[in-house]
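Here's a structure for you.
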Amino acid sequence: MKNTATLLITCPDTKGIVAAIADFLHRNNANILHADQHQDAENKLFLMRVEWDLTDFSVDINHFEQAFSPVAHQFSMQWQLKLSQHKTRVAIMVSQYDHCLADLLHRHKSGELACEIPLVISNHRDTEALVKFYGVDFHHVAINKENKVAAEAAQFKLFDDYKIDLIVLARYMQILSPDFVARYPQQIINIHHSFLPAFIGARPYHRAFERGVKLIGATSHYVTEVLDEGPIIEQGTDRISHRDQVEDLIQKGRDLERVVLSKAVRWHIENRILLYANKTVIFD
Amino acid sequence: MKNTATLLITCPDTKGIVAAIADFLHRNNANILHADQHQDAENKLFLMRVEWDLTDFSVDINHFEQAFSPVAHQFSMQWQLKLSQHKTRVAIMVSQYDHCLADLLHRHKSGELACEIPLVISNHRDTEALVKFYGVDFHHVAINKENKVAAEAAQFKLFDDYKIDLIVLARYMQILSPDFVARYPQQIINIHHSFLPAFIGARPYHRAFERGVKLIGATSHYVTEVLDEGPIIEQGTDRISHRDQVEDLIQKGRDLERVVLSKAVRWHIENRILLYANKTVIFD
Amino acid sequence: MKNTATLLITCPDTKGIVAAIADFLHRNNANILHADQHQDAENKLFLMRVEWDLTDFSVDINHFEQAFSPVAHQFSMQWQLKLSQHKTRVAIMVSQYDHCLADLLHRHKSGELACEIPLVISNHRDTEALVKFYGVDFHHVAINKENKVAAEAAQFKLFDDYKIDLIVLARYMQILSPDFVARYPQQIINIHHSFLPAFIGARPYHRAFERGVKLIGATSHYVTEVLDEGPIIEQGTDRISHRDQVEDLIQKGRDLERVVLSKAVRWHIENRILLYANKTVIFD
Amino acid sequence: MKNTATLLITCPDTKGIVAAIADFLHRNNANILHADQHQDAENKLFLMRVEWDLTDFSVDINHFEQAFSPVAHQFSMQWQLKLSQHKTRVAIMVSQYDHCLADLLHRHKSGELACEIPLVISNHRDTEALVKFYGVDFHHVAINKENKVAAEAAQFKLFDDYKIDLIVLARYMQILSPDFVARYPQQIINIHHSFLPAFIGARPYHRAFERGVKLIGATSHYVTEVLDEGPIIEQGTDRISHRDQVEDLIQKGRDLERVVLSKAVRWHIENRILLYANKTVIFD
């Protein structure tokens, strides 16, 4: 089993950053497996992802912060360290459309997603058998206008109980409260069934059909307080024609949604995403 | 040289339409080369395009209306007849970005576009040498807030003088007046440098960059009174990443714009486009 | 439930075919829902698909052949009549990679595939639980060099017992005998994990990686006697880069395979495919 | 005007390479603009591209080799240094199809290609006026079986006279001699009008049409001694259907060829391509 550390860094761009990081890792005998960086000229930002094998690494990983802090301070870095041994714990929320859910569960079982999926929450019972077939706990939390606060409280408790790191909205048709969103910053991924920012809001396939577009799309993004305005992680499009009715758009869209959502989840759990200025950098 | 007629029909959907049209053509000894049809269930509409060789056709094409009118009346058809011998006469309007202009002129010279291009109008002089190299008349019509009415009047006169059937806005950076648009219904094609309806209006690549989308697009459409809301003819998208700056978006966008605009022009001049409900049917 | 008939016709191209068919249908009060045709100029062939509602149709569908035969004879037609009430009965064959199998079963359950899937045959037991979860019969037929004739005989018996119309090879890693292929002409669909005709044969992703291509592909096709040379139904490609290792190609390829195979199956069961000259016409 | 240096490095992968390079650049006050690296696990290779501003760089760039040699020796590096002030000098070779030529000349004039294009060589005269319109020297070198050696000698002389760094075969329909190819290693880029390795050799669109593929492609690659087997730089595909005849494939293919060839040329002149194991790494 892979035993690596991944360091994600954001800091003001200046000379000597790479030299300092590379020197730190080399002095401590790190075997670098992947390194990628990005400089944003407009915002004068430096962003980096570096992953190394822990086998020969001479720093006790529990004391990494102490060892790395001189470098971090010198360049005013924001940084996170992720260990491959700690697998991200994912909860999936779903309503009745189950194609993204089935896809994520199957990919996970096939070894494509290096995470744990201990929990699925739904406001319907339709997907219960499927979830259980894959050996995952299913919790039904009914939600309506009256019980929304209590229902979300029940959801929070489940996330706590299952020690959830990431919440995936796999066609979950309820709008999260501001409190919910604020509680899990950069930890909620949604799939929107349009090529955002086109067709923000409800019934995007119907509106795409009415507008007569020649391509439909899907967008995975982090959820922020403003609906459908969070940082975009991945998008896809597919060609349609006048021969396609709304039902055909919905069907073609399902294939986009599956791929676009699963890529976002994979990149997140592999610690390949950095955020700045409401945008994502994907270190693929 | 090809000598064909193309009939474009729109009518309420009912039984017997195809039988009546096919019978009419067969009785008159038409050799059908292409036929395509579309039924819109929601609007209960029938749309058809049929192209036949005129060599053996027994109706004098100048009296086609008279011969066809019984069928047309029976089914309340709107119809147009297009003859391949009459080539569409195209005027291109352009400002300073000349990539779509150069592309259209080269495609025309290569035989890819079966039209005449006798006229280019620009509010700048930058493209004059290029236009003349391809043997096309270039007219400079300066335009600003003060002279807009007079400038458009000069443009209308040029369209009349050159007997123009179709106006192509190949990155023409002026907004046409309502009078201009009303004068040439379904005869003005524009290229918008975004995946409409995303980024309607000015500077779409800059706004795409700010929003952090992962795909950029281009859209060709007929111009109607509402800016960027006309019927979409063709769209294309291309993938971008965080490594792409605004300049890269603009550069990648140029490749989309060329292809997306040229397809719209080709389909129009080959009489492959029918309009209804602010949408296009493309009989490709 | 839909109650329609679909007529698929191939005949030499000549004048009057459409008129004769449309007249036949109109005389018998058919309500045409979709009609599409194709003329192959090189081979002088006419191909047509027409689907109509049976509600008001005045011909007893059991005596359709008799009613239609004058038209069919006049134009030397090869034709097939398909009824929506008779759902295609599909058997899926699979080895150990189960992503296409899981995808087809889920699409079927979601109502995306208007067929019956009563039978899955595998030379392994890995997929048994998944198949049974979807309520489909699973039969294990071990196969090796020694028992191939007997194993295929057992498979034929299963196809007979389950009245199978279509066999889908969903990553079935055994080569069918010539006898098998000859027995089910145009009734076996395979998914090949390359952009055919590139990388015919085994281990296409490994060979794509070695060659350094920048796109990978997948191809669904009918199985004929020559391996990987049957008529192509659908193809897809996806972009890769030097950052992708063989494992990444395999993973990206799975998404292509799912979509490309499921489209082929859907078009087949919706009677949208006509074959000629080792090619497919897809009436979409 | 940009004044940067780009260092391209290939060496056995081992610990400390990045630290050594970053330290070297930092000690010499380089302002790094872009850095990208790739590790090939299978071949245990490390490849890097780093570009920095020369303004504050403390090493005299004419003595770079001397300054860098300790690092280079320590890690057994193969390396090249490229200066943005030295623009690549490109010769285009073309026969009669001029779409790629016109595209490259227009992109160059628009500032999209940061190179010089002083020379076009053709075995026909068709493109002479176009070439001269763009202010480029045109040389006609007739070639046939009898005069091939002499004709190529004349071409070599032209390349010498014009100090050519890169030869672009923009639909040049002659096979280069082994001597020609050997003379310009990694300096000849070709566009092949198929998705290699499918349809190697002549008339790929015709063979694609016969095979009934559903996608066509184009491939840009470096020319090596084995025809169509050189390292692939870029590929593209576009969807076709049974409605497309050979002429349509050719027309759609032209759009692919333009984009795919121009990307290869741009990446080459921007020093973004490294070669190993008959593959390309594109540092985009």
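Chains here go by letter, A, B, C and D, matching the order in which they are written, and residues are numbered from 1 within each.
In this section, a residue touches a chain if its C-beta (ideal position, glycine included) is under 8 Å from a C-beta of that chain, and two chains touch if they have at least 3 such contacts.
Just so you know, these numbers come straight off a predicted model, no measurement behind them.
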Chain whose average C-alpha position is farthest from chain A's own: B
Winner on C-beta contact pairs when B-C is weighed against B-D: B-C
Centroid spacing, where centroids are CA-atom means, of chain C and chain D in whole angstrom: 42
Rounded Å distance, chain B centre to chain D centre (Cα mean): 36
Residues of chain A whose C-beta touches two or more other chains: 243
Chain C contact footprint on chain D (complex, rising order): 38, 41-42, 195-199, 211-215, 217, 231-237, 241-243, 245, 277-282
Chain C-touching residues of chain A, taken from the complex the two chains share: 98-99, 102, 106, 110, 112, 129-130, 133, 243, 251, 254-255, 258-259, 284
Chain A-facing residues of chain D, complex: 15-16, 18-19, 22-23, 25-26, 29-37, 39, 239
